[in-house]
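For reference, the structures are reproduced in the following blocks.
Next, two complexes with subunit A in common: one pairs it with subunit B, the other with subunit C.
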Partner chain A sequence: MGDQRIKDIILDIIAVVAPDAEVSNVKSDVRLRDQLDLDSMDFLDIVMELRKRYKIEIPKEEYPELATLDSCAAYLGPKLAAVTAA
Partner chain B sequence: MDYDVIIIGAGMSGLAAGIRLAYFGQRVCILEKHYAFGGLNSYYRLDGRDYDVGLHAVTNFVGPGVRDTPLPKLLRQLRLSRDDFDLQPQRYSEIRFPGVSLRFTNDLNDLIADVAEKFPGEADHFRRLCTFIRDYDDTVLLPPYRSTRETLKGFLHEPMLVEMLLCPIMYYGSAEEHDMDLLQFVIIFKSLFCEGFARPRDGVRKIIKALVRKYRSCGGELRMQSSVARLDVADDRVKSVIIDGGESLIASTVLSSAGYVETMRFCADAPPIPTQDVGRVSFVETIAVLDALPQRLGHEAAIVFFNDSETFTYAMPECPVDMRSGVVCCPSNYEGHDDMPEGFLRMTWLANSDAWMEADEGTYRQYKDDYLTAFKAQARRYVPTIDDHFITSDMFTPRTIHRYTSRINGAVYGSPRKRRDGRTHLKNLFLCGTDQGYLGIIGALLSGITIANMHVLAEE
Partner chain C sequence: MVADRLRDIKSHYDVVIIGSGLAGLTAANCLAKCGWSVLLLEQHYNFGGMATWFRRPGGHIFDISLHGFPIGMIKSCRKYWTKEISDSIVQLKGIRFDNPQFQLQTTFDRQDFTRILVEEFGVAPDTVEAFFNTARGMDFYDDQTMTTRELFEKFFPGRSDVVRMLMEPIAYANGSTLDDPAISYGIVFSNFMSKGVYIFRGGTDKLIYMMRRELKANGVDIRKQVLVERIVVEDGKVRGVVANDQFIGCGAVLSNANLKTTISKLVGYDQFTPQFTKQAKAVRLNNSSCQVFMGIREGEKLDYIGDLLFTSVDPQFDSVRLCAKDVTSRTFSMYYPDTRPGSDRYAVVSSTNANWDDWAHLSEQDYQKEKQRLIETTIAALEKYIPDVREKIDHVEAATPRTFYHYTHQALGATFGTKFEGLQVSMDLPKQIHGLFHAGSVGIIMSGWLGAINYGVIVANEVDSLCCQSANSQGRMAS
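Right, the complex of A and B next:
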């Protein structure tokens, strides 16, 4: 799955988790929490939505890997590939 | 295993917890003893009219642009929109004491200005108090107890202003008599004065129906008229939930919104419960139906908190009702409510739950008649022509609250001792709702969400 596709997946999820957030101009290399004013409850929901939609398990200690759209793409790429292949 | 999670009670907190869990694929069952949803905030129909129980105002109201307060947070968490609750803001409310009243709106600056006008010497002190409250960290889970009265005395010099602030805040959420924990005070102060009041045009049923619909659409199961008889325990865990009639249900986790003491009574091995942990604060409320809207009869405040002396006593009274203070609520005094077909005026007083619980049928009826007469006398202060417009009335008492919610003593705000982490002596039994410590409709919803997140979703 391409990086852009993964970024779109994350933005789709944010639109559900925080519908009042402004997602049209999100920068790929800036922390999502800083750009979108997401709190810890919202952040937990991104993880939960990934699990619900793609059956991806993300351990708590790896949450920092989801800090930016770029890091999401790098971290989730292999995980999504594994799920899609299976 | 029958379910991942069983939730006791289909009130605000149970439904909110249920939505979170069912949405994320847990097999959830909510057990509700009654045939109606809502618990402490419910509704009913009588002689063709809709009545609300509990809801005077949805607190914590903020406008569409705000994101980081309880209301928008819980809407996000429940995947609901602002339209689902149809909240209409109040015009204004008042705190009336002898010789002085304070007016507040959903903009804290209006209260600050009114305090400055009525208590000029306290203007700066009150502003400092507001800053202190704004900066107070109310997310700490288990802070030590701090007396609100002592804290307020450190900011304010006019004793009556202290009483005037305590009156609405204690009425809207203190399980404790006489004084309250500062954390609880801060949470309610923000919900009333920094945020504000609103109401759905259809009343609380709008909110409850939105929650039930959401819960069902997520695949949650709801069993009405299913009363918990006991919890069977082994190895410090709930092994099964036994419902009346003997059916046994098994779940990995049990969330109870029944109240701490009430939940402990389901368990054979419960730790002893100190008397001071049993809630006593209960209310009598009279709901009068009028053939005209109160705002057309000269009464425009959404809520009035009144107290007839300079000091405010918040405690279980000796007599059936303490009429020296109370809350007057007019549901049509919110924006967008001008076309309500009939007017309502509701008045709430502190009540002695023993007197109402233990009265025989004749005495109970007599109390109701006596206090309806007393209600009319007091209501004339707000709507002088109420007798000309009075159609009918209904009254709920500690006994009514007990019958519909099984709260000991009909104690609306539950145990004075809150358990904010939701934990109990059993590893898979958690509390949500009133006794977890977030109060009001918005608080209860947030409680269900928080406990579901903390003890089920984040633990997986």
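Right, the complex of A and C next:
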């Protein structure tokens, strides 16, 4: 799955879990929390949504990997590849 | 009769939730929405735990814990419940302080507190700004050794008046003291005293009714008046629960009962490692509460005197005095007709912090006498703000730590869960016993309506993860 596709997935999930967030102009290399006023509960919702949609398990210690869209793509790429291959 | 309450119960659920406090209810809703079969068991005849209410003849209705919560409830209710619930949340604008050190009214937000601290208390604007920023920057993983007292000493040395304004509402809200970690103060303060105080319009009864309806719509099997006696653990794994002498199997148990009771009574210390048992035993509970409920006679009105009144005649803020039996520091919550649109009734609820030990061991006669004294002193204090209130009161009664214990089974009648260390023990539970989880007021930061709801979601996420793992491994075994 391409990086852009992963970023779109994340933005799509953010639009669902945080309906007030303005997701049209998000910069890839800036922390999501700083651009979108997301709190730790929102990140938890993202984690739950990724599990629901793609059966991806993200351990608590690795939540920081979801900080920016770029880091999401790098971190989730292999995980998504593994589940889509299975 | 007893069998009835478990009628048509299934022999196995993915998750059994013990207790319908806000954490239990919210976790149940999240897990059902994830697609798991969920059974919720509540020992009381109402759902809601401490988020509850009661009625009395004469058309009176009283809310127990609907005094005010942070703005974050709006978002959490919309995400984890419904838009309709979140749309019923409204701000209380008239928050008053009245004590020997200062009298003021505030909208309870950062801007207004800054104004008060600078203009009325003469604190330098930079100091106020730095204090708010420091509090906002705090999180669970920060240094836990600094106390709240030290935090205040750093920013407002010698200013007992400033400490009182910033601390008293938090002490009322979660029972914390100046000796509790600064981070627990900072986290709660930033949530609570920065964007105003809110309540649920329609009353607790309406909120719980709406939540119940939602749970049913999402397929949760909910039962009341069912006391869970035991959580059954075999080989380090949860197998089910025993309630009304009946075994109900499940893959995971989420206990919303008191943390210490869950470990010591529902499971039993023998199922845990000695190290964990030691930690669990060392967890301190927060204090309890007393309340006086005053219902105004039908047809009588009260003038608007504010929504929440933090009143005291004690010379200074004092954590010990705040719980004393002859306490003078109390919160008056005013319920005007707009609390329940369509109603024309008024009520006043006075809340104070209290110690279990001061009330638990009284003889029945002394207990009644002390309750009467509490009622008398409370009405006398209220007369300062509403001089003719005594004649208007149609119904009055008091609740004490014993009352809270009776209704919620919280150990020592604790109304605000555990001290800080309880959070770690709660979070570590699943590492001790596979499939065992706890959610509910713990660690100061996870208490109150918002804390309980959010912690319910946090733990539901863990339960969901476990259920997915078991479903996956079962799927693999089947294929």
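Operating definition for what follows: the second predicted complex is superposed on the first by the 86 of 86 C-alpha atoms of A that agree within 3 Å, B and C clash if a C-alpha of one lies under 4 Å from a C-alpha of the other, contacts with A are read in each partner's own complex, and residues count from 1 in each chain.
Keep this in mind: contacts are C-beta pairs under 8 Å (C-beta built on N, C-alpha and C of every residue); 3 or more make two chains touch, one makes a residue touch a chain.
Just so you know, these numbers come straight off a predicted model, no measurement behind them.
A.B. asks: Is A:Asp37 touching anything from subunit B or subunit C once the two structures are fitted on A? First, second, both or neither.
C.D. replies: first
A.B. asks: Applying the touch criterion given at the start, work out whether A:Lys55 contacts subunit B, subunit C, both or neither, answering first, second, both or neither.
C.D. replies: After superposition on chain A, A:Lys55 lies in contact with subunit C alone.
A.B. asks: Is the number of subunit A residues in contact higher for subunit B or for subunit C?
C.D. replies: Counting residues of subunit A touched by each partner, the higher count goes to B.
A.B. asks: Examine A:Asp8 and indicate which partner it touches, taking first as subunit B and second as subunit C; both and neither are also allowed.
C.D. replies: A:Asp8: touches no partner chain.
A.B. asks: Go through the superposed model and pick first if A:Asp45 touches only subunit B, second if only subunit C, both, or neither.
C.D. replies: Touch partners of A:Asp45: subunit B and subunit C.
A.B. asks: Using the superposition on chain A described above, determine whether A:Val17 touches subunit B (first), subunit C (second), both, or neither.
C.D. replies: both
A.B. asks: I'd like to check the shared interface: which positions of subunit A are touched by both subunit B and subunit C across the two complexes?
C.D. replies: After superposing on chain A, subunit A residues 17, 41, 44-45, 48, 51-52 contact both subunit B and subunit C.
A.B. asks: List the residues on subunit A that touch subunit B in their complex, please.
C.D. replies: Within the complex, subunit A touches subunit B at residues 16-21, 37, 39, 41-42, 44-45, 48, 51-52, 60.
A.B. asks: What part of subunit C is in contact with subunit A in the complex they form?
C.D. replies: 30, 34, 75-76, 79, 454, 457-458, 461, 464-465, 468-469, 472
A.B. asks: Hey, which residues of subunit A end up touching subunit C in the complex?
C.D. replies: 17, 41, 44-45, 47-48, 51-52, 55, 57
A.B. asks: Show which residues of subunit B lie in contact with subunit A when the two form their complex.
C.D. replies: Counting only subunit B, the residues touching subunit A are 23-25, 64, 67-68, 72-73, 76-77, 79, 81, 449, 453, 457-458.
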